[in-house]
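Structure first, commentary second.
Should a chain be cited, it is by its letter among A, B, C and D, assigned in written order, with residues numbered from 1 in that chain.
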């Protein structure tokens, strides 16, 4: 619920993520500052006044993350079915495909980041709240397997409300599937880097997102298990102000660093260089 | 500080552990009940009124733990040196040797317990407060190595105020030495059972004692890192009543079960049978 | 009349009450006075009762199954553990911070063979329920489970887990101690355990909290147990902003054992005694034991790598999607 | 006059003050008025200062060493990390409950080679000290260290740890979260790490809290650092019921780097700049870096098993006792 077009209507999903807002200015949802769209976009959708990190869709994220023209999508052809014939699921999928810039709630592929080859997955909150159904789980698992095969580090940008309820138990199992894939990645000695972005909750957080060798997060992102409302239901317990944010999770030992969007390239570069060097070393050892 | 001889003088170390008290009755240090020595001894030095578990010396513990005539001591010849020429250490050692039933703060050996062959180590609090110096560390490490060699489960009964200050840094290193030995035991797949008895604190607790595959404790034993006095120094923090007891440690996930002294044989039997069966199974697998 | 406390059980309750009344001391003396053999007289009623029960329990809706799975008299993990295994030696604690009693676990024997068991435990009376947080584990519970699972791995004995939770705890402490991390880690670590792992959903398989101890080589479900990504109430609140529409939500979620089996997410459904497991715990335990032994025997031949690879393939196969060449 | 704040430094402080006064603007103008070349005039004083310093710092008592090791200007782990390593990428958190700032750690490069570093960090000003609990880690700190150490193992890079703590925290939370367990586990797990581990005691090596990150293939100590089973104050309180007798206790405990080296408990003593590491942090860091690189090179040829076996043998050899045949 980040930004509404200034001269346009308020978008249904509240996010300016699906392309250029249809006005020339937007209002920051955090500090209410009126911002010129051009400045806002130039600043990677971080409020120039209060620093609030507004959500990016997968393609915006991709653009500011991978080296130009380096991304090669994999598994773009995977499409959600409606195995449970769940009420309104088909309609929701149809609508998501029309409004989101992505064909599912995650895009995956190979790319180079700061010159280093990687497998990258980027969740798209604009597609049904980034929810993890069979396709999302399958794409992530396959991407990780590509990482194992090519011995590329795997980077996941998360943004998801959790499991995709409309696929019932199948969606729950994607938690196990993606986590098991991370396990395989680990036993193969390939690094897994997670960047948590707003919001990452529920079954998405409680699976592969928590399993990075290094876990970064954008400032102020909502990150937690249950929604804040759930937590609020407890009687007599005062929740901390930063409950279920990046800052809360850092304090509680769950993430390594909070990295502002503009500093992510340097952070990823440092990590990828470290892992590239350690991989070289390993192959030297293996060659002994 | 458990029991004082009723008709005799109060013993210096306060414990009735060094043999039969010289009176016919003793007073329970916990509930002040006057108990006939005979009943008290028959009840394994557990107060027949309040159930308080009074301390046992190593030989008393041995007697109620291992099968008759099965214990074969190892490394009895190891004797403490005074490498730092520490003030009064020689005198203290000399005195301990005269008053304790043990020649050092732990005795180790092989035995059968409920019919199962084991390596067993029993700390003796009557020898310089069970403190861990070079000899204690060495005996424990060697005992564990015997366990590895013979593939016998290792059982340690702990009772110690911590490291033996009089041996300076050498005594600190016994924490690392014993813990590393437990590590080797583990990589060899041999079980390690710890029984925490009153008191187990400091460097003894913060090393091998915390590393049992299964950790049992006698009820009401003092178990903790720093002394209660240290903890008490914090301003404005109310310590729980059971702070640094078996019960506190159970509550905080550190031990598996609190087992009354009379129930220890059955508990050990169940565990040893389990491990014996799993070891058989393993060798069958290995034989495939 | 134990356990007949749901709407759909009313006809059963009425018949049971009638039979009980006829067979009571008073009923018997009345019948005797009129020269009627009460046992013969009651026979058709008992047959009718059986027929009604078969009909009702053979056709439970998803929501009715949910109610059965949550039944207050339903056997819990410890009930099965005591009936199926010998010499259960309960272990406690996560060796980190707490002993979460929503999870129980320990060493045991199954037909003389050493095994490790882990179960989610709701608690029978109010006091026990509070102590066990109604079976909703916090991070500490999942870490306790992992510690115990690793003991099983260390000593190369099979692991059995029993799933029965409305879900993981979602309170402040759970978040503070990283319940998400703890669940995620279990999903990963259980997938790598080099021992046979057999999971049984005995009651409520509630979301990530259930899954946190439910990654295994075999997943069995009792006939009237449920397994779902979200509670019917939670789903109804999201879909229709009305928790009271849990019935419809349960249907939509298809959370029954039967459907999970159809989707190949579980391997076998274990029939419950007529009327539910709580009506004959001993029989249920026998059925369960037979299945556990059978599945364990099937797995016992496998080497460690085969097991771990098989478990991975199993998880990898879960999901229904289309792979279209056009976009 | 930085750091000359101990009794034994008084003669040094006086000389330094004298030299400073002579060399001050005022001093220079006075001297100029009397036709004296101040730099030449001061030379003998400076030589005397050097001589006194060599004498004082070359003959520090155990208690004086303790004071040096605790010096408020003494360089801390992060100072060395920044001076010795490149591209330090700090990691946070134990992935369980907290981010204990008494321990710092992360990924880095040493002469272009990837390494992992872990340090105990006391904090420079009051605010930072509080945040870092004065360098006394709780359970969470030791678990954070273990998590980071395991990353090093996973990616097969060497691990460097820097020891500087008065001891582990012993407060309620530390006990609740199992500080003993956390230390014990580190002792065991560090002994099993399949990578080179090089430990340096840079300041205070306080008891189990120090040891919790100090099991390695090499243990180095800075010249004026100390390493002890108990603080001199604690020892004095036990021995003589008088904390003020820390001086005598420090002697008794023989807690200096020199004595630890004599007992073969540490491998090398790294000389500090005259007057202590804080008088020339850059030089100290250069000395330390040279030693770290040298020891790493020595270890780099070893296979994993050799490393782990060697580390075990090293620990097994620690202890002084008699083995008498008679009893």
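Structure notes:
In this text, contacts are C-beta pairs under 8 Å (C-beta built on N, C-alpha and C of every residue); 3 or more make two chains touch, one makes a residue touch a chain.
None of the values given here were measured: they were computed from a predicted structure.
Centroids built from CA atoms put chain B at 52 Å from chain A. Computed from the mean C-alpha positions, the centre of chain A lies at a distance of 42 Å from the centre of chain D.
Once the centre of each chain is set as its mean CA position, chain C and chain D turn out to be 55 Å apart.
Taking each chain's centre as the mean of its C-alpha atoms, chain A lies 34 Å from chain C. Shown for chain C are the residues in touch with two or more other chains, namely 95-97, 176-178, 181. Residue positions 186, 210, 252-254 of chain B are each in touch with at least two other chains. Interchain contacts give a graph that is no line, ring or star and is not complete, per the touch definition above. Under the contact rule defined at the top, the touching pairs of chains are A-C, A-D, B-C, B-D, C-D. Chain contact summary for the complex, chain A toward chain D: residues 186, 189, 191, 210, 213-214, 250-257, 267, 270-271, 273-275, 277-279, 281-282, 285.
Put simply, chain D touches chain A in their complex at residues 87, 89-100, 107, 109, 112-114, 140, 144, 151, 154-157.
On the side of chain D, the complex with chain C involves touching residues 95-97, 139, 143, 176-178, 181. Of all residues in chain A, only 76-81, 83-84, 86-88, 103, 133-135, 137-138, 141, 163, 165, 167-177, 179-184, 186-187, 202-203, 205-211, 224-226, 230-231, 234, 237, 239, 243-244, 248, 252-254 touch chain C in the complex they form. Interface residues of chain D facing chain B in the complex, by the touch rule stated above, are 168, 170-172, 174-181, 183-185, 187-189, 191-192, 207-208, 211, 214-215, 227-230, 235, 238-239, 252-255, 259-260, 263, 265, 311-312, 315-316, 318-327.
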